[in-house]
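Here the structure is laid out as structure tokens; the discussion comes afterwards.
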Amino acid sequence: MIGLAHYLIFASLLFGIGMFGVLSKRNAIAVLMSVELMLNAVNINFVAIEKFVTPGTGLGHTIALFVIVVAAAEVAVGLALIISIYRHKKSVNLNDFNLLKW
Amino acid sequence: MDYSLLATEILTAVIGLLVLVSGLVLPQRGREIVGKMSVLALLLVLIYTIFRFHVHQSFFGGIYLVDSYGSFFKILFLLAALLVMLSTGKYIERFRERSSEFYALMIFATLGMMIMACAGDLITVYLGLELMTVSFYILTAYLLNDERSAEAGLKYLILGAVSSAVMLFGVSLIYALSGTTVIGEIAAKINTQPALIAGIVMLLAGFAFKISAVPFHMWAPDIYQGAPIPVTTYLAVGSKAAGFAALVRIFMIALPLSQFNWTLMLAVLAALTIIIGNLIALTQKDVKRLLAYSSIAQAGYILAGLVAANAYGLKGVLFYAMLYVFSNTGAFAVATAVEVDTGSTDISSFAGLGNRSPLLAAVMTICMLSLAGIPPLAGFAGKFYLFSGAVQSGYLWLAFIGLIMSMISVYYYLQVAKVMYIGEEAKPNEKMEVGGVARFAMWICLLGTIFLGVYPAPLSNLAQTAIQLFM
Amino acid sequence: MILQNILQNAWLIPFLPFLTFALIGLFMHRWPKLSAALSIAMIAVSFVLSVMVALVVFGNAEGVVYETATRWLSMPGLRVDMGLLIDPLTAVMLLVVTLVALLVQIYSLGYMHGDPGLASYYAYQSIFAGSMLGLVVANNFGQIFVFWELVGLCSYLLIGFWFGRNSAKEAAKKAFITNRVGDFGFLLGILFLQVIFGTLNFSELAAAIPAYANSGILIGISILLFFGPVGKSAQFPLHVWLPDAMEGPTPVSALIHAATMVAAGVYLIARAMFIFNTSAPTMTLIATIGGFTALFAASIALVQNDIKRILAYSTLSQLGYMVMAMGIGAMTAGMFHLMTHAFFKSLLFLGAGSVIHALHDEQDIWKMGNLSKKMPVTTWTFVIGALALSGIPPLSGFWSKDEILLGAFAGGHIGLYILGTLVAFMTAFYMFRLIFVAFFGKNTAGEHAHESPAVMTVPLIILAVISVLAGFVGSPLMNNAFAHYVTFAGAVHHEANLTVMAVSAVIALAGIYLAYLVYQKQVIDHAALKIRFRGLYNLLYHKYYIDECYAWLIKHFIDGSAKILEWFDLYVINGAVNAIAAVTGRSGYALRYTENGQVQSYALYMFAGIVVLLVSALCAVFSALA
Amino acid sequence: MNHMPILSLTLFIPVIGAIIIMALPKDQEKAIKYISALSTFISLALSLLVFITYDRSTGGMQFIESIPWIKDLGVSYALGVDGISMPLLLLTNLIGFSAVYASWNIRERVKEFFTLLLILITGVMGTFVATDLFIFFMFYEVVVIPIYLLVIMWGSTKRVTKEYAGMKLTIYLLIGSAFLLVGLIALFVTAQGMLGYPTMDITKLAGVDFPVGFQIFVYALMAFGFGTLLSMFPFHAWSPDGYAGAPTAVSMIHAGVLKKIGGYGLIRIGLFILPAGAKFIAPIIAVLAIGNVVYAAFICLSQKDLKYIVGYSSVSHMGYVLIGIAALNVISINGAVMMMFAHGVMAALFFSMIGNLYEKSHTRNVNDFGGLAHQMPRLAVGFMLAGLASLGLPGTVNFIGEFTIFVGAFSVFKVVAIIAITGIILTAVYILRTMADLLYGPRKEQWDHLQDLKGPEMIPLIVLGTAILVGGIFPSLVMDPISSGVSGLLAQIGTIQMGGIF
């Protein structure tokens, strides 16, 4: 029987993969995608918890929707920023963005 | 439910939208009044909010609260926004035709902060936080011609999004164990379980990012340095205060100390934040970046108030957040004026400021010393509350670290003062011109800093009222 | 009537000179003549008052003791008064001090004529007179210490009066510092008294002390107190400052460094005799130090060439005599000698001053010679002084010195008696060496000299007369009148002993004769002697190399430690401060490089932070559960 | 009783002066100086008035003013003077007034200079009249920053740069004050726990019977904090460098009165509130004080820069104060307070003379000088007076302080006292050497152009010299109030037995 724990573990794995992507990918867009992965892991959590802990209240689903919307906004801004910086650097490699340091 | 009590938020939203729209419809020349309009409108909102300070109301089953605590922070945000807008001065010209959107975004960020301060539900907090943060992502990268601005924006976005994700994961765990996200209801439904601890830690990590506590502080210097100075100012003052507003409410109400004593964890964070922020600040040569590290350290001090989790400590948090508005905005306002005049915020461009503009030098010196906690300036009274609280809760060592490091911090603040007063002048004998409005903002910061230090009683009474709900 | 009130008003005696000092210092320093006149007038008034006090005191067959005090500094547990204690001892001292001071001040009119610093000279003279008188009338140790230090200050100021000379500046410094060493012990002694007995008043102490007689603590205290006289009266080993003090104007040497201030140490011993004579070891120490100093200084005086230095060593030697007298219990004799010595030694110094003045600051006796022709008054008064000093009857020195020798002899201190007699011989020799070389001799260097003005010679004559006569007050011829009044509890009086008298007189005459042979007749070639006993001569000429030893010690120990400690302060204490600052700064730099600008490493730190927090929080919770 | 708030007036008249100066245009240098002189003079006159009208027969705190200030911290704006603070208040104003005149020849940034100076004077005064711990501490730290600015702007660079000297002084003292502040907070919090209501009133805090361990801990913090300010060995490193770098007026005020806040604090706060702690820590302080007296005196011997000599000498003299405080009896503490007063006027006079000389000759090295008494007799008088006071000559007020301390300390710490008393020899050695090399000896032609003190330059000499002599000749004038204050303070501690000393 698949229970809450399975969902949570699955989401955690997904979250970890996203985290790994954030840390290891050099391409800014790939990093943004990894972040999305992390947020999706969270969404899975909310939806699963809704089902197992507070069934029928719609709370978890609502939250997931909120998160999706906000994530979309974030990605939109993120892509705009990547374009903006690409104009200066002609690169989307995060390693190149180190004017600001120390 | 009396929706008129939400007038502050509603009005702010409306003003933001109006400003956004008027920027689109007004001709290029007419847009200059947008700034004045928004300042005036926010001022009215501020006055209104002050009059509704004592009102209490809970909305939508407790997911949104109007109370003195929230109002205190609303006043703080509005005041900060006003001071930042006023002190922007000629810097606004760098935004060219996008200046009205700048105001709009500032107002939306303010709205986001208000929502965070008044949120009674973790998800409401999240929404407010995202509203604020997304506005800041844009604002940070607002200098389109400046590579560093763009870099700062992108860094902020990536790290901000990651931290949101972490925080949400934490929220989901808490939700899983308590079955609710309403802050007021969580306490009754939880007990100490490893998963809950994980949730709390992740939630804390999210907020620690916002308030730039070590080791979640790494973004702050880069972003503060790259962002346009007014944005930096607001980021340092408003965003941090909002983070604390929500953090204090969640931790004090949702996570009773009897269940899980999180104070030690916070104390360690606070100590690290104070030490590392100050130590790195010692080495800085760019005033903006220096203030960034300094503001990291300030976060550590404020955190000490939450560690205390008693009346003095919490009062200290509120008090300090408020004085921080005056002191930090004052310092940044001077930095803004200097950047406008010399094109840089490197410490060398402050040279001779004491001659070129005694007012600016005085404001900078006094505001910085207030940040260092030198009496009779506001920072001292604030630290006194914070550390009295910490000592009362048994964190004597934290008070030790905090006070000693704040004395060490005087070193780098005085480095700036030294350059201002005896440095070789970059533009000898040339008077520095600062607009009347910016000058006015600086005077407010200056007098506010001194007044709150000499006579802290009124503000501390307000803070006392505001923290009643935790007692 | 006036005489009765005089005791109540005796505070005026020290006060008037102080007032003079204040007036000159504040208002009158621009008019030197006026300052001088004021100063002399005031000290004259003090002198008259002192005479009246003496009349009152000695008018009474038993002597009068009058004591009064005014609160100066007080708090629970400590009280220092400014008091007035008048007894025969005080009266004698008042008389001596005011008289010599008056004469010296008059004399100075001639000696210091035309000196640009005349006003300050008289100001210093006045404050000295005031302090010395204040010391003399003190009724407690606190007051004595205050004025003790003040006379030291005056001495410093007056030695360094011609501050343009390097030698004067060095001598002044040396005098003050050497005295400070003595005062250190003196102060400790006073503190012990205060702490143990709770009072500094003489009469209260005198009442309390006997209970502690010969106790260890009292021996310690009395030895500490004796430090003061050792410094002030220039006893070995703190004698080094006095010869150098001759850098001051000669009248100053006469007044301060011969007649009055240096005798303050002896006076203190006399005044505090109730402490000293309860402690036998201290008395022995005092006698030994005094005797040793007498011999030691006299031997140095044998070979010196500077007229003032010869007199200075003579002073040292005579002070040693007095101290020795105190130590052997012949206090009255000591005080008597103090008095007569004050007169004839100031006479000698003033005479020397007259010579120096006439020869335009020449002080080497070998560059004088045959002064008697041109300066008869000076010469003959000087000879009278020298005879008195040598102890030729019936001059004053004979009587007083004889009393001391008698005390030693009758008290069973045979060693000290022989020593004293030897010193008497040496004294006579070196004094007449000086006289024959400088005043008679074949050398004609002194012949361009001329006699000093009357303002200088009249004091000489007065002092000469006193030097002749003063001895009689203590002589058996007048029934030891001096001893009748100036008595000390526990002191023994000895009947006159003709043998002792005769021996000392003969010895002195022998000394004079020897000097005559060597320096006048030149039967014995002194230059040959010098070469023959080269080692001894050098030792004496260089004052036993004591100054050199001190200089070496100071240079290596004091200044050496200073250098070491300076290094320590600079590099260890300051170094530690700077090191802490540097470590702080360095750690800032080290931490700074974690901010490497790479957004992903920032994220890594964040995740690492979460993991650490999580692990430690879980550990904490589990350990709490377990 | 409804009386004129004379202490507040004394305190804030310099601030009013500073505000007026700020409003003046930059080039009105004369007016600025006159306003500074006038405001400090009024303060001086008022503090003299306080000194004279203080009712010695009743004693205790007088001229009390109290306004509730911060309720939740129990802070009230409370002022008052007793026999201990009154001489120090007077001292502050004597030195403040003199410092204005010692700065009469300042030409650069006159406006800023006098503004900062007046604020500085207010700050120092405030610490002595505050009877509330919070207000005390507020004033205490107010002074630090003006000093920094004064040092870096008008200071002088010799062995160390003025920037270094200023920063070292500031940071060192601030770190000391951080310890102090921790102590104060702990005190406040604990007292609140024991009393049930918050208070910062020193007298009320003194009434609290803190546990002994706590007292020791807090007193140790205070001993470090105040000790640093009092340049207690080995925490004195800021002092010589700081004075060397500072402009004349700052050296005067810093060595003269600011340092004394340390001693005052140890008595008024440390001893009064935490007697058992004081008793426990006292022997340590006494031993460190030997370090001050002897060690610093030795270092003086090898210094050549006049300011370093006086700087180290003030470290040395503070050792006496520390011993007085450590001996914990009425006499010794009387002596300590007296010594603070005495050293204040003496050091200020010294620094003002050095400042004057330096201003004219641009050197402070003793070896460069010689025979200055020829060219500058008045300056020589000033130096001599200060020097003689420094070596504790009777007739100067310093003697009273030293003697009383010795008497008081001698009954408690014999060995320490004896070692410390050797200081009088060493002091004589370095002071007299310095005086001799500086003032005496052959005339040096190169200094013939130096002008002697005249006009306003005479004021510090007259004011401070008078204080030295009057205090020395009539010690009761100063000692009686001190004694009444100290006795009163110790009587209030009363119940706590300390080895039978009380």
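First chain written, first letter: the chains are A, B, C and D, and each begins at residue 1.
Quick note on the criterion: a contact is a pair of C-beta atoms (placed from the backbone, for glycine too) under 8 Å apart; a residue touches a chain by one contact, two chains touch by 3 or more.
Source: prediction; values computed, not measured.
Asks: C-D versus A-C: which has more C-beta pairs touching?
Replies: Taking the two pairs in turn, the one with more contacts turns out to be C-D.
Asks: What whole-number Å value describes the gap between the mean CA coordinates of subunit A and subunit D?
Replies: Inter-chain centre distance comes to 64 Å.
Asks: If you average the CA atoms of subunit A and of subunit C, how far apart do the two points sit, in angstrom?
Replies: 95
Asks: Compute the distance, rounded to whole Å, between the mean C-alpha positions of subunit C and subunit D.
Replies: Measuring from centre to centre gives 36 Å for this pair.
Asks: Provide the C-alpha centroid distance between subunit A and subunit B, rounded to the nearest whole angstrom.
Replies: 26
Asks: Hey, what residues on subunit A touch two or more of the other chains?
Replies: 19, 22, 31, 94, 97-101
Asks: Counting only residues that touch at least 2 other chains, which ones in subunit D make the list?
Replies: As it turns out, subunit D has residues touching two or more other chains at 171.
Asks: Taking each residue of subunit C in turn, which ones touch at least two of the other chains?
Replies: Residues 592, 595, 597, 599, 603 of subunit C touch two or more partner chains.
Asks: According to the definition already given, which pairs of chains are in contact?
Replies: Those chain pairs which touch are A-B, A-C, B-C, B-D, C-D.
Asks: Sort out for me which residues of subunit C touch subunit A in the complex.
Replies: Touch residues, subunit C against subunit A: 592-593, 595-600, 603-604, 607.
Asks: Quick one: in the complex, what on subunit C touches subunit D?
Replies: 71-78, 80, 142, 145-147, 149-150, 153, 156, 160, 163-166, 168-170, 172-173, 176-177, 180-181, 183-184, 187-188, 191-192, 194-195, 558-559, 561-563, 565-566, 569, 573-574, 576-577, 581
Asks: With touch defined as at the start, can you tell me which subunit B residues reach subunit D in the complex?
Replies: That would be residues 311-312, 315, 354, 358, 365, 369, 374-376, 380-381, 384-385, 387-388, 391-392, 396, 399-400, 403-404, 406-408, 410-411, 414, 417-418, 421-422, 455-457, 460-461, 464 of subunit B.
Asks: For a test of understanding, state which residues of subunit D touch subunit C in their complex under the given definition.
Replies: 168, 171-172, 234, 236-238, 241, 295, 298-303, 329-331, 334, 371, 373-374, 388, 391, 393-395, 399-400, 403-404, 406-408, 410-411, 417-418, 421-422, 424-425, 428-429, 432-433, 436, 439-443, 475-476, 479, 483, 487
Asks: Taking the touch rule as given, give the residues of subunit A at its contact with subunit C in the complex, in rising order.
Replies: 19, 22-24, 31, 94-95, 97-102
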